[in-house]
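Take a look at these structures.
What follows is a pair of complexes built around chain A, which joins chain B in one and chain C in the other.
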Partner chain A sequence: MAALTPASTARAVAPVKTARRPRYWRGAVLTVAGLYFLTPLISSFVFTVQVPNQGLTFAAYSGILSADGFTESLFLSLSLAAATIVLALLLVVPALVAVRLGPPRLRAVVEIVCMLPLVVPPIALVTGIATVLRWGPDHFSRTPLYQTFLAVQNESFPVVLVLAYTVLALPFVHRSLDAGLRAVDVPTLVEAARNCGAGRLYVILRVILPNLRSSLAGASFLTLALVLGEYTVASLLGFRPFAVWIVSVSGAEARMSVAVSLLSLLITWALLLVLSRAGTGSAAAVPAAAPTPVPGKE
Partner chain B sequence: MTVPHPSAAPGPGAAGSKAGGRTSRRRPPRAWLGALPLLVFAGLCFGLPAGALLYGALTRTDPVAGTTEITGEHLARSLRGPYLTSLTGSVELSALTAGLATVLGVLIAQAVVTSRRGALRGAVLTASGVLANFGGIPLAFAFVATLGISGVVTEIGHLDALGWNLYSFTGLTVIYLYFLIPLMVLVVVPALDGLRPQWREAALNTGATTWQFWRHVGLPVLAPSLLGGFVLLFGSAFAAHATAAALVGGSVPLVTLKIADALSGNVLVGQENVALALSLDMIVIAGLVMAVYLPLQRRSSRWLR
Partner chain C sequence: MSALPTAARRPEPSWPASPAEGRDATGARVEFRSLRRAFGPTVALDGLDLTAEPGELLALLGPSGCGKTTALRVLAGFEQPDSGEVLVDGEDITRIPANRRDAGMVFQSYSLFPHLNARDNVAFGLRVRKVAAAERHAAAADLLDLVGLPDHGGRFPHQMSGGQQQRVALARALALRPRVLLLDEPLSALDAKVRLTLREEIRRLQLSLGITTIFVTHDQEEALSMADRVAVLNAGRLEQCAPPAELYERPATAFVAEFVGTMNRLPGRLTGTGSVEVAGSTLPVDGEAPTGGGPVDVLIRPEGVRAEADPDGTATVVSASFLGSVTRVLLDLRGGVAVKADLPSRDAADLLPGVRARVTPVPRPVFVVPAAPAREPSAGKAEA
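Presenting the complex of A and B:
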């Protein structure tokens, strides 16, 4: 009790002391940070619109749509992203629901399996995948399995990339959905729905999923960002989605590659804003989802 | 209160669960089947490449006799000469950038947390979420346009006359900080929020100076989060490949670039196994990083409630 009185006096004193001092360093820190983070964005824009000897021109932007390979690579990336999102959610949602209904040991197993890809950098994963793919011609060329090897590496829709991206996305999808499910009493909901005569599929689709809307959106966004920006796996396996295309045009069309990079940042930004509005916990959605996308950007 | 229709699946909930409620809830048999697709997928698409990597890194096949034997030769080669240089280069770059980003990220986060304006906080957190994602290829090109040879800032400031070179260790450091600092902000803001003002008041009331408060209360509470954040940034910088690949080519020795070179056949035949061994080295280092990070994260989450 005695501590309360000094506490209130200290609080009366504190604002005078703390309000003056931090204002300087806080302003300085934020200004320097702002400069550091804004300069590349602004000068990228200047770089794309200002051509020496020609003045201002927006040719770098207007030329994007007609650029050779742009539509194909973007379409490929988007369809890979869609397939990856569907596959990752189809795998992780039932597993996480099962974890909450099944034996406790299952929970640890699923968590470890989903977190393991964090330990394997994308470049290490791709060396492993390349090795496995080389087995196809080496060992299986006379067996029916060889057709599978070919189909998986189909140029127009490389399934192997979907599989690799799903592996890379597992940690983030798992973390996002696990956080969402923590707020839901799954066993009670499932029992209640089942007692009312609902089937298993119905329970998942109409009872569990609606409760997870914002974390599903978060997981999908992270996966989309991961797939759109992925370069390492695709380039080393010899495919040509969006990020690989940007690099391939950078030699001849430096301005355009910068313009596309800038646009892709703005699109990501817009998606994130939409996402944080869509989710119910708008403030919570960003920090919960954001620290996770670490290896994804490569 | 009878269970009206236990549905198609035989058994679950029919007998035991109606009266006991929470305590005697029976677990449906075969619930683990839901996790089966995930486990099979992971075994096939993650376990198989990982196994192939391990196998290739640790064995040697004699092309003439066709025999395979276990050998440490590839691993030994991956820890010698230019490969060792690339490994230490990667570790140095990651440690330096992670350390800088930890300090700078905490400063920014503290500036945001102590600010009374909610809008600033929201803006910084959203921007951090986006910028932490802004890695890879687009980031490299944004910096080429800014600080590259004919970059805007380079030309305005005549930085090339000062010896500035983006395509170097220093240049990579500046670029990596661009996505590492926002990541640190995101990691550490919840921890700083967990520093209750009451603790500070209590410390000041009992006669502590601000320095003593940070020394004995603030930093010990924050330590797991800070260390965890550092380790996370280290792992993130260590695994980064795209930015460096788009930018420096081979001028900075990094292990990811060496692996990519060996994989795409830019080097002598027979280097594939060294690429696999290098990948194994990376996995070991990343595994150590995670082994430090996960317990720290669990520890720090105590204060985030």
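Presenting the complex of A and C:
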């Protein structure tokens, strides 16, 4: 018995040793990843608060709110993001629900259409839009469309940016919603709701959408992040949302532009938290793909 | 799992008004008239004519692809027939949208709304009809009580077993007091024990409410044990609609004879006088006998076969399964033909594996079908 004890102890210890090794690796990987992401952020923060000959100062942050154009550009970007989210969801949700209920071959068509913006560079998109915006007023000057061309380019709320951003956001919105819909038996739920007397709109609003909360939140966040950070289209079309404003102030106020970038990152994270809370919700928000119940678990 | 209360123990449930309230408690009469529905080249319903009488439980039974689910979906409004009509109490509902059909349906895959708890699932239809919250919650509680889940109102679908989910689905289907209850293989996803209990409870509930119920299943035991009448469908057409006993005892067609219950298929020869020779006996042919002579296959149920130990017999006992009062004996006839015989257990005591036996059909009318073209060595099959 005594002879067995050391051996059994060794056997008991050995697995613990092998179990600890991956934890070191895990820690190393996390450290490297953390350094990779945090080093630029910390460096940026130090750059904004450490001024040569002045020491530690938060002047770059305190001056943001009073900076010329900050509030307007941020509000414009958030408004554009809200409008883009609404438009993209209004387009994609009914389309994806329809292809779930309709012929399967339509699913591939919708997927290809939604993924196309990924292979079209934004510069090509904006060149096309700019051409149309220049060409349109000349050819429609005597029609009501002329006013439409002017209205979509209104500087206070450029609808043309919403339309362009909706196109750019389509792949992300489609992917997010498609993943959510795959986890839901849409045809059966629709039929069950119809059988209970619900009309089609009621079914989408009260049955399908509540089961897509996580996907909707994901799609909304991706769209929000895209719009807040989009520069190419807005800049080339001559509008001045947040990203364009940051670049424009960076020449004269380098510290402030970095401080604004950091703040915009924090704002984006805060919005992500809000959206993810909205996506998971209360206890009522169950996983869309609920685990298959165990038969007979009475 | 508590049993559902019977009508005698429980008064009429008090869930709120719907268009069905005040209707005759014996249920509605449902008629399919010459229904045809094709999906491309596949014909799912080929001129189906069928009637469900008020208050009865009618089972639609048949092999996969026979059109039974399509018929139910046409009745629910989820499919439009290419031609034909669906009538409920004489009213043509063929073109009425699914959400105005007044037919409660229970689906095979539970189909509860994952984001709603059991109470809200049951009350969903009432909410659609804008019934006041207090009233619909009371109704939902009443219905959950009716299906034996009084304490499960706050549970979400993923927190319930399959059987419990189907009970909630049943309560939801009944919430609007529909004229017709449609059950689309509601038990097929459940395990055997729960299936057995739930089918008894569905039947008890259906009888207590007197609601006309159409029940689709591919499980003939389920159909025969639950239904007032069973409609056997084949290739989109009705083969026979009859009470279970009649379906089993007096099948109208060879398809029904072979599909319902266990059937032996033995080689025989028509004598040309409305009778057939099989296993050394001459038996009358049921229905219209084929003209002329020649080889045919004869359909005989296991209880229509007698077997006794006999050293000079032509059959050999392969196995004997004790089933209580009856023992099912599998015998190998000469020529590699297998036959099943259900015998009183006391008469089967001598029929042990390897024993020679004499097989004789009970002298009563039998069905004949064209002989199988190429019979395998053991192709004389006893189909379950």
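Here, the second predicted complex is superposed on the first by the 231 of 298 C-alpha atoms of A that agree within 3 Å, B and C clash if a C-alpha of one lies under 4 Å from a C-alpha of the other, contacts with A are read in each partner's own complex, and residues count from 1 in each chain.
In the analysis below, contacts are C-beta pairs under 8 Å (C-beta built on N, C-alpha and C of every residue); 3 or more make two chains touch, one makes a residue touch a chain.
If you're wondering where the values come from, they're calculated on a predicted model, not measured in any experiment.
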First, second, both or neither for A:L189, with chain B first and chain C second: second
Partner chain(s) touched by A:T39 [first = chain B, second = chain C, both, neither]: first
First, second, both or neither for A:V207, with chain B first and chain C second: second
Touched chain A residues, chain B compared with chain C: B
Touching partner for A:V120 - first (chain B), second (chain C), both, neither: first
First, second, both or neither for A:S220, with chain B first and chain C second: neither
Touched partner set for A:G197, first chain B, second chain C, both or neither: both
Shared chain A contacts, counted only where both chain B and chain C touch the same residue: 191, 194-199, 283, 286-287, 290-291, 293-298
Chain B to chain A touching residues, read off their complex: 3-9, 12-13, 17, 25, 27-28, 31-35, 37-39, 41-42, 45-46, 48-53, 56, 104, 107-108, 111-112, 114-115, 120, 122, 125-139, 141-147, 151-153, 177-179, 181-183, 186-187, 189-190, 201-202, 204-205, 232, 235-236, 238-243, 245-246, 256, 259-260, 263-264, 272, 275-276, 279-280, 282-283, 286-287, 290, 294
Footprint of chain A on chain C - complex, ascending: 1, 76-78, 97-101, 103-105, 107, 109-117, 124-125, 128-129, 156-158, 160-165, 169, 172-173, 175-176, 189-191, 193-194
Chain A to chain B touching residues, read off their complex: 3, 6-7, 10-11, 14, 22, 25-26, 29-30, 33, 36-37, 39-41, 43-44, 46-48, 90-92, 94-95, 97-99, 101-103, 106, 109-110, 113-132, 135, 163-164, 166-167, 170, 187, 191, 194-200, 225, 229-232, 235-236, 243, 246-247, 250, 254, 257-258, 260-262, 264-265, 268-269, 272-273, 276, 283, 286-287, 289-291, 293-298
Complex contacts: residues of chain A adjacent to chain C: 184-185, 188-189, 191-199, 202, 207, 210-211, 213, 283-288, 290-291, 293-298
